[in-house]
């Protein structure tokens, strides 16, 4: 029964989408990693909004965190002869061949929010924040905040092997370099998810004397931080006070936590990568103007002083 | 000790021993492991974490045990968890009361179980294929409900199920313990357990003895669906959001493993819910132990595989018959003499 | 016949199973170019003997000679290579493969290292042509009738072995036309000098095709005779035996005719299983059912218990219509059924004796009203004592018990439900003589208590001892009913033989 | 018509109809590019699915292949990064390891009489774990030989490419068909799936065949890992999670009975193509979320199971009334 309904609605959906398509003059393929975090969902929403605003027919493909699905999607886009491709690559490696194919087909490719490990002439531009810089901003904030006091830091890494995990770790460590009062005592992967963030934080707390040994938490994304805050509270400590919490992404839920005093700082990774990307693409297609190879988005630091409640209200409608 | 209690102790011994060995090993790597303290009116410590984090697999293992006892298997529980988590989040955010939400969610789980049960019992499809259908399609259905995003909610009641505490224990622990005891009592205090075992060992002979095999089969899958629904609610409530992508991912394999480690044969028949729950705790102890010991998580799977292979080889029919042969070699001669008289 | 023409000789074969001697110094010899029928009721030891000859079982004693030389096959494969091929009733070929693949599995013709299908199909076609079989050898085996499959199996066995062909009940599910076809083939193979062992329970087929007959009973050799010198009546007597008759008859002189008619079956039957029959059973009466294997005995039992749903007829108990559409409903009407195949239909192997005894009663009470453990223990202990079930304790898995004790436990399962109507299908099959007598006594005491029983048995003395009436079956139909003084072993043998002769004619 | 071919014909018919429907909506889907992509993008899955088909034909199951593919990729990447051995030698080493791994699982299944489901599940954990231990990072493979292999493709008119790996998949399918239908081993696999006791009576070497089947599956999973490493020029321990389920689905959609004994390697190819087609369609549509892929494949699976059930029922009845 359930399947019948699902099938019927699938058909209806397919039909209606078909008739609605072809109106736009520009067709762009967007290969998204998946929807593993709130930030990514917001990026998807914003990309769709930006495309709609410009009258672009956006072909969206969700890869469910699998590179092979992203490559398949890219090849499909090429076969469809789209006018351009946006891709948020799931890993850095393994893109040379398919990017070369896109190039051969003269389809410009723009990378969103993550870069790849491939020759720069294979893509038009990359719109990303500086991931290392993000980690650095978070690290600097922590260095300034503790102001010379000794502080043990625990780190929740992103998905192992993903470029944000590698770069955000690197930038943070750079900021801490030479500051002997700050020490990363535990570092584990929380897979960018709330569940794992919570579970790993629980074990950190146990392993470090019920958390008394921990002065700060650095999480590679807000979702893990939200999970970890939960764990800290359940351990009878006050997140934000007993343990400082700094993370990256600036999703709405972390502002709620900041408003409640449970998180201290977050570095914004704007989900609006598509805006600058589509601007650059427009310029390129109209005037043939080559954009720079890297368009850096701002990495803005938010703290409890920035009226987090207000930011939350602004952000919560964005599909985070 | 009464004979029943003694039989029970013998049955559970290997699992309890394995759990003890693993916990001991973890405590060597992490000395503070056994420490328990009260904080904010609830128990707090690594042991509690194992009980708490093991909740989804433990819940799934309850239903899976019964399904496997009927000579079946349910591959769909992970996907059903995702569906039910999504349904719960969708229901509560669209303004239903907590009671209504729970009702809808558990109902969804029951429906999923009913679907599997009917495929197996009525259409007579091999359980592994029958449940594969929902395993493949289920996660898609869950994502359809959440539209790919993490559906967050702030309902205090629902969150309480994930991270509140009762009697000093985290709610998930209370839920799986209570449900485990409930189901164990249900199957052992009524005749269900025996009838299910009879069905699993010899379906035709059971049918000829008047056991309603079809109804029992469907009921087993419905129970499994219900367990998956509970696990899905807990997983969603724990993080205050339904994550259709990750909720319950690959947990069906952990649940099956918990049952097999618990000593219930995949060929059906004799089962023990308590042993499966200990099996689930064994698996979670390995996971938590690795996190605590500061061991890199990449060793998790290898250690897990090694432990499973070890336990399974010990349980395999060949190894067992060799074991029985060795241990009885002496005793049997005496016995045959006596029987000859 | 001369010993020199003997191709296969087995001497003093012993085979012991836990708790039972399956073969007791059995001799058997097979000549070149003869069809030798091997007869006996189920459990007589026919298939055990065959399995010892083909290496499927290890024999515990005796010797086997092939062409005068001692052989000791360890497996059916080895026996096959020695020249002994076997074809079983349930065709031992693979239904999912093609005919040609079945014929040449493991010895496919090759070309350039790969199977040459064309050559294989050509050879398969040529091979089957010898058997007058012109079929598409590239089609799946499952698409052909059992008769054709049987011929294919014979073709494979003869092609692989070529000296001795053992046919284990090949005709069990064939119709007359197919049997004739099969026999044409058997005769041709006989002319080619093969020694053929033919196991069947269709006596007319035995007289049709065999040259000699060997009869086994209870694991012992009864005798070997030339077919033309053995009248049908004597053969049946050899198979069913009569040594016990005097003793049992003396001990149990009287038997209850029962009271009023309690159960009334009218035009009860199911297409393809058993022709519709009428049957009245009185309170406290034992109705025996006799007939050779395959005559429809078990089918009668299954339909009465709802294991197979009847498609015609009605049942009444004391004038009230009964619903026997499933075992569950039959049990609700206080019916019970001890099936013939204990392993498949009876015991729940991994469960304890206690649980096996309590199962039917529990199923009838429903899951929500469990029989308490104490009650179960009492039930089990009572029946273990009453039926003298030999087990070290009631918690032992029933699969570890001997056949006779398993049988008694299943009997106990039904007695525990306190049935009004109990069907026993071969209650004494494969159990030792001592247990036989106990079960016979038990049956009598049950009917004294007012229970109505249907007992199916190949042991005629037993039937005679406790039955007030005996229904004789043949070709899946009830053909005779013996009452009162007619109920004697001679009478039953006569009835089976007479009806057989009549249909033969 | 021979009813043995019914499921295969049904699968092919469904593929053709589905393709026609897709083309009707998106004429671009007829392009050689799409066809080339179907082959290239599904090469690793197809190769692994051939092994899975053999396993399922014999009545077993192999849950380890996704993990073995990932392991092979990481193994190659680490080896090529750390040493200077030639990739071809690395390929041989990788295949030797995965084949031995499969054989070991087969041996455990046969000799310890343990269910394939559990043995290969443990194998899955082990292989994935080994991959993690080798490296958790995604390691690029930059060996020039890889570039050579990747640049070897045949360009079709219309921009499509038959790549080396796409071609290799077709070759593996061709060899798979040859092995299944033209060797004694293949016949033994079908025999085993038809019923192990009967197969034993008919002289099929059960132990050797079982071990060979899982060894073959391990070998093909290894080969698939090599193809995947070519496909992505990298080794990543988190890659190809759940590929075994895609493979099982392809096998079932391809008309092979999960109970064993009946089916076709060629059907699996069509099963792979059907799944690929659904994915392509969803990307072409661009507004259907990818979860529809899962739901559609689930539905497809269900209808094929029902179809097979029906076919078995019909043949059973026919035989009974013959």
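As written, the chains take the letters A, B, C and D, and residue 1 is the first residue of each chain.
What we mean here is this: a residue touches a chain if its C-beta (ideal position, glycine included) is under 8 Å from a C-beta of that chain, and two chains touch if they have at least 3 such contacts.
Worth saying up front: this structure is predicted, and the values here are computed from it rather than measured.
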How many links in the shortest chain of touching chains run from subunit A to subunit C?
-> 2
Chain of greatest Cα-centre distance to subunit A = C
Could you state the distance in Å from the CA-based centre of subunit B to that of subunit C?
-> 44
So how far apart, in whole Å, are subunit A and subunit B when each is placed at the average of its C-alpha atoms?
-> 34
Distance between the centres, which are taken as Cα means, of subunit D and subunit C, whole angstrom = 46
Calculate how many whole Å lie between the centre of subunit B and the centre of subunit D, each centre taken as the average of the chain's C-alpha atoms.
-> 31
For subunit A, what residues touch not just one other chain but two or more?
-> 3, 6, 62, 64, 160
Touching two or more other chains - residue numbers and ranges from subunit D | 136, 237, 289, 291-292, 295, 298-299, 302
Chains touch one another in the pairs A-B, A-D, B-C, B-D, C-D
Within their complex, state which residues of subunit D touch subunit A.
-> 25-26, 28-29, 31, 33-34, 37, 40-41, 44, 136-140, 150, 159, 161, 228, 231-234, 236-241, 276, 279-280, 282-292, 295-296, 298-299, 302
Touching residues (chain side subunit B, partner subunit D) in the complex | 73, 123-126, 128-130, 132-144, 147-148, 244, 253, 256-257, 260, 266-267, 296-306, 308-309, 312-313, 316-319
Of all residues in subunit C, which touch subunit D in the complex?
-> 76-77, 80, 92-98, 101-102, 105-106, 108, 114-115, 117, 138-140, 142-145
Mind listing the subunit D positions that touch subunit C in their complex?
-> 2-4, 178, 181-184, 186-188, 190-191, 193-195, 198-199, 201-204, 261-262, 315, 318-319, 322
What residues of subunit D sit close enough to touch subunit B in their complex?
-> 61, 63, 108, 111-115, 117-119, 121-123, 125-126, 128-130, 132-133, 136, 237, 245, 248-249, 252, 258-259, 289, 291-295, 297-299, 301-302, 305-306, 309
